[in-house]
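Shared between the two complexes below is subunit A, which pairs with subunit B and subunit C, respectively.
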Partner chain A sequence: MSQFLQVLLSGLATGSIYALAAIGFALVWQAAQTVNFAQGEFVMVPAFFVLIGMGFFGMPFWLALAFGLALSMLVLGYAFKKLIVEPILPHGGITLIIATMALAILLKETVKESYSAEAQPFPALFSNAPMNFFGAAVSIQDILNLIVSLSIVVVLTLFLNRTRTGRSMQAAAQNPAVAEILGVNVKRMVLYTFLINAALASLAAFLITPVYLAKFSNGETIGLIAFIAAIVGGFNQIRGALVGGLLIGVLDNLTATYVTAQYRAALPLVLLIMIILVRPQGIMGTSEGRSV
Partner chain B sequence: MKKSLAAITAVLLAAGSAYAQDTVKLGMVAELSGAGAPAGTNWRDGVKIAVEEINAAGGILKKKVEVTDYDTQTDPQVSRAMVQKAIDAGAFAILGTVYSGSTLVNMLVAQQNSTPQFVGSEAPTVVQKGNPFVYRTSSGAQKGIPALTPYFKDTLKAKKVGVAWVNNEFGKGGRNVFVEEMKKAGIEVIADVASEQAQTDYASDVAKLKQANPEAVFVYMNQEESARFLIEAKKQALPMPLIGEVTLTEAKVIELAGGAAEGAIAHVGVTATATDVPGIGAFAKKFEETFKRKPTHDAIKGYVGAWATKYVADMVGKLDGEAFSKKILGLCLKAADHPKILLDTCWDKTGEMSRPSFMVQVKNGAPVVIGTVPAN
Partner chain C sequence: MTAPVLSVRNIEKRFGGIRAVRGVSFDVHKGEILGLIGPNGSGKSTLFNCILGQLVPNAGEVAVSGRDVSGMRPSDLNKLGVGRTFQQLSVFPRMSVFDNIILAGQEHRGTMSSRLFGAPDAGLTQDAERMIAFFRLTHLRDELAGSLSYGQQKLVDAAMAFMAGPSIVLLDEPAGGVNLTMLAHLKDRLVTYNAEHGTTFVVIEHNMEFVMSLCTRIIVLAEGAVIAEGTPDEIRSNQTVIDAYLGG
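Then we have the complex of A and B:
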């Protein structure tokens, strides 16, 4: 029971972090009708912004986190939209997808050249001491990671559904032309979407890097799993990305513990094939695919 | 005009020849950039200190030692080219490389040229190829892991143990030797947990070990994997001792794992923290004064390699690779007579090294010697 509880909790905690990155896929899809294949690198880079804040500017950890978040929103949100998405999008979605692939390589190699190929330590947001939970020793870090990730998703959902700006963002995503006629500043709403994506990627980075360690190649794993999580859950739904992330996190850990550790990497791909065959719109997705 | 040119050429050749006769060239071929840079730069700096000391002590065969650095970029094919370049430049001996993957490729070049080569590599295969010109500067893994057996059997008095290993050539080799050793010692391996190279999530691996509840766990992974495993072990409060071979208590692992590395135990061939050994203490002090950082075991290996070159060449009495090989294979050097070798050291007929080694434990963020293991 203790083993099952710990494995389940670890799976939920990791899965919730995958979900943050997966939501980013859904948001960018809605805003630009494209898939950002640099999303994994968007989760890798903010950790290095924090290390730059601490190492080069001598910031305390909390300030470096704020610095990393702000810089990520500027570079991975604002600059990404202005310098890559806006100029390339008129040439077609496929062109933009290829551009994001190139961006992924650029980000990865830049970090590798600047910070070496070696992993770097990254401070943990929460203590990694264990606590007793119904007789089982479970990780406080896992519990808090799960709580923080889920809280972010809840806040984001409330923001999109309950605020004027959030509803305007949804309108801009669903039908930009009509939204513009109704007085919505579509360009600004799209920019907000990219900024939120960058912020989500940063928060995912801050939660996962203490365990994964800061390394240039982290984006490969996270990007692939988050992409699959978004498809499995439903590419056009935030709650779908959440369900996909949690499902993959939990199934990965349960498979590795009770079935086989050797083939755990294949599990998300098997899940992906099954979903495409049985329910192509994803577990929570809708076939029209036009709402945030 | 032609006569003048010939005269100048003759003078230059004579001068070059005279210069060559006054120096002994060594080729320091190591991983100075790329993933192996932390190991290679430490090796280089250990060599640097040794060469300064050797020259201050009169050089090799009373000739000044001149060392040239060659960067392999942690690429086996580049390392091969660099060894060839060093030999073409007249190197009497090669010092390096550290990464076994590179050494296995470049040692053939040194062998073809009958050039002695001291390496920092620890893969068993390095000395199993019948190459009489390659010599270790620390024991290989096939000697290191058996040295741990008495610790499990006599110190921990363990009856049931677990093993967590990385599923690559390095990990498989170590795991097989460990399981065989435990079998010989009558200790049961009740948990055998394999993980993949570059694996990031160790929750299920640690949960399985926790469930099996062995009295100790042998952890045999590369640096980053070791650090991630230690972090997860701390998160899940894995209660039993975690014991490794060299890697588990390396400085990089401690840096990455932070407090989670506290208490980890490992067998290491040589460690700069063994300051009770006079030669090691003096070397560590000089290294720290020179480079403003603490030496790693790779630095000590480089230092020992350079000094072993001097001691053996002086014994042979001439710069002859073949004679050097005949002399060192089967040779034992006592630290009392050859203090810079640091510990009593022997090379067997394959170039494998035997010498006393250490058990270390991470305490307050640094490895501390908790015991000595006799040479095996």
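Then we have the complex of A and C:
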């Protein structure tokens, strides 16, 4: 029982970090009706911004985290929206999706060539010491990662549902033409969405990189799992992305412990196929009509 | 004499070689309910979109209460007291009726910080409750707008258009797809609101019974140009209109 609890909590902790990246997929989908296939790299890059802050500018870790967060919001939020999304979106969603794939390659190769191809150690935010949790030995890092990730999701949900700006952002996502007529500054709301996505990706990076180490190829795995998590949970719902992330994190850990670790990489794909066959809108998602 | 609430002068809109709107001019005065009718393709919606800044006309000017608003963005026009409803459903489907109504009024209030940290209802709860009650939507207050019937969503759309206290509202086919009971209710609410608040309406509509009984003056468009203007009775008996639109 204690082993099950340990595996469950560890899975929830990892899954909650996947959820942060998956929520980014949902946000960008709602704001721009496109899929950002560079999302995984958006989680990889901020870790290197932090390492640059510490290594090149001699910043203490906490300041480097703030530097990484700010730079990510500037580059992966503002610049991404202004230089890639805005000019390319009028040419169609598919064109933009292909552009994000190219961006993923660009970011990956830039980090590899300009920083290092080797995995870099990344300081942990929380101690990795074990603690006793109802008889299970669970690392403090896992518990705090879970708490921090879920807190971020709660704050984001409260922001979107309980503030006027959040309501305007939802309106801009659900019906931009009408929102504009009602006085909502739709362009600004879309920009906020991209800034929040960059911030979520950065926070996911700060939590997960101590476990995976900072490596140029991290985005491939994280991006794929977060994408699947968003589809499994429901691409058009933040709570769906949360459920998808947690589910994949837990199932991954349970399978690796109780079945086999050999095929754990296949699990998200199996889950994806099952969901697409049984409930294509995702566990929490709602179907969206498309006319041709 | 006070300036017209809405003044449209020589609006011209071309799409390639097609002249969708040909030098249309008219004034609308405070408290008037003006109908814009005409066959499909006569340029009514294009004219609406030019007035509201959603299309840029090739020529002409639009003024609201004497102020030139040509080329102004829809969101800025809204702040000047111009509201509109849409031909297609225009509610926010994954928000409650109450949140839809609040949203329609909140953009006129507050500062950047109050948008983040101020009351989420922007101090509009009482106004929203009144508007919901006025359109008899109280029993649907907390329902998701997307779950309502078509007619109910049209009522929410109308309530949203009035929430910011506009001086003029442009209604694009409010009767389209609405059943007879709901239509009578919608007309009753529009007439009552007009009488109580003196709000000016411009209505595009194909339902002749609805438009003739609602409007005080009617302009008829055909092939992008005005072919007749007058009271509902004058329009009914106008031979040019009968030939071009109303039929035998």
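A few points about this structure:
Note that in this section the second predicted complex is superposed on the first by the 288 of 292 C-alpha atoms of A that agree within 3 Å, B and C clash if a C-alpha of one lies under 4 Å from a C-alpha of the other, contacts with A are read in each partner's own complex, and residues count from 1 in each chain.
The rule is short, and it goes like this: a contact is a pair of C-beta atoms (placed from the backbone, for glycine too) under 8 Å apart; a residue touches a chain by one contact, two chains touch by 3 or more.
Note that the structure is predicted; figures quoted are calculated from it, not measured.
Of the two partner chains placed by superposition, A:Leu63 touches none, neither subunit B nor subunit C.
Within the superposed three-chain model, A:Val184 lies in touch with subunit C and out of touch with subunit B [touch as defined at top]. When subunit A is checked against subunit B and against subunit C, the one touching more of its residues turns out to be B. Using the contact criterion defined above for the overlaid structures, shared-chain residue A:Thr14 touches subunit B, although it does not reach subunit C. With both structures placed on the common chain, the touch criterion links A:Ala171 to subunit C but leaves subunit B unconnected.
In the superposition on chain A, A:Gln3 makes contact with subunit B only, not with subunit C.
Contacts of A:Pro130 after superposition: subunit B is touched, whereas subunit C is not reached. When the two complexes are overlaid on their common chain A, residue A:Met101 makes contact with neither subunit B nor subunit C.
Taken together, the two complexes place no residue of subunit A in contact with both subunit B and subunit C. Across the complex, subunit A meets subunit B through its residues 2-3, 6-7, 10-11, 14, 116-121, 128-130, 137-139, 141-142, 210-213, 215, 217-218, 221, 252-254, 256-257, 261-262, 264-265. On subunit B, the positions that touch subunit A within their shared complex are 34-35, 37-38, 167, 193-196, 198, 200-201, 203-205, 207-208, 210-211, 223-224, 227-228, 231-232, 234-237, 252, 255-258, 260.
Contacts from subunit C toward subunit A in the complex involve residues 52, 54, 73-75, 78-79, 83-84, 86, 90-95, 99, 102-104, 106-108, 110, 114-118, 120, 122, 160, 164. On subunit A, the positions that touch subunit C within their shared complex are 162-165, 167-168, 170-171, 174-175, 177-186, 286.
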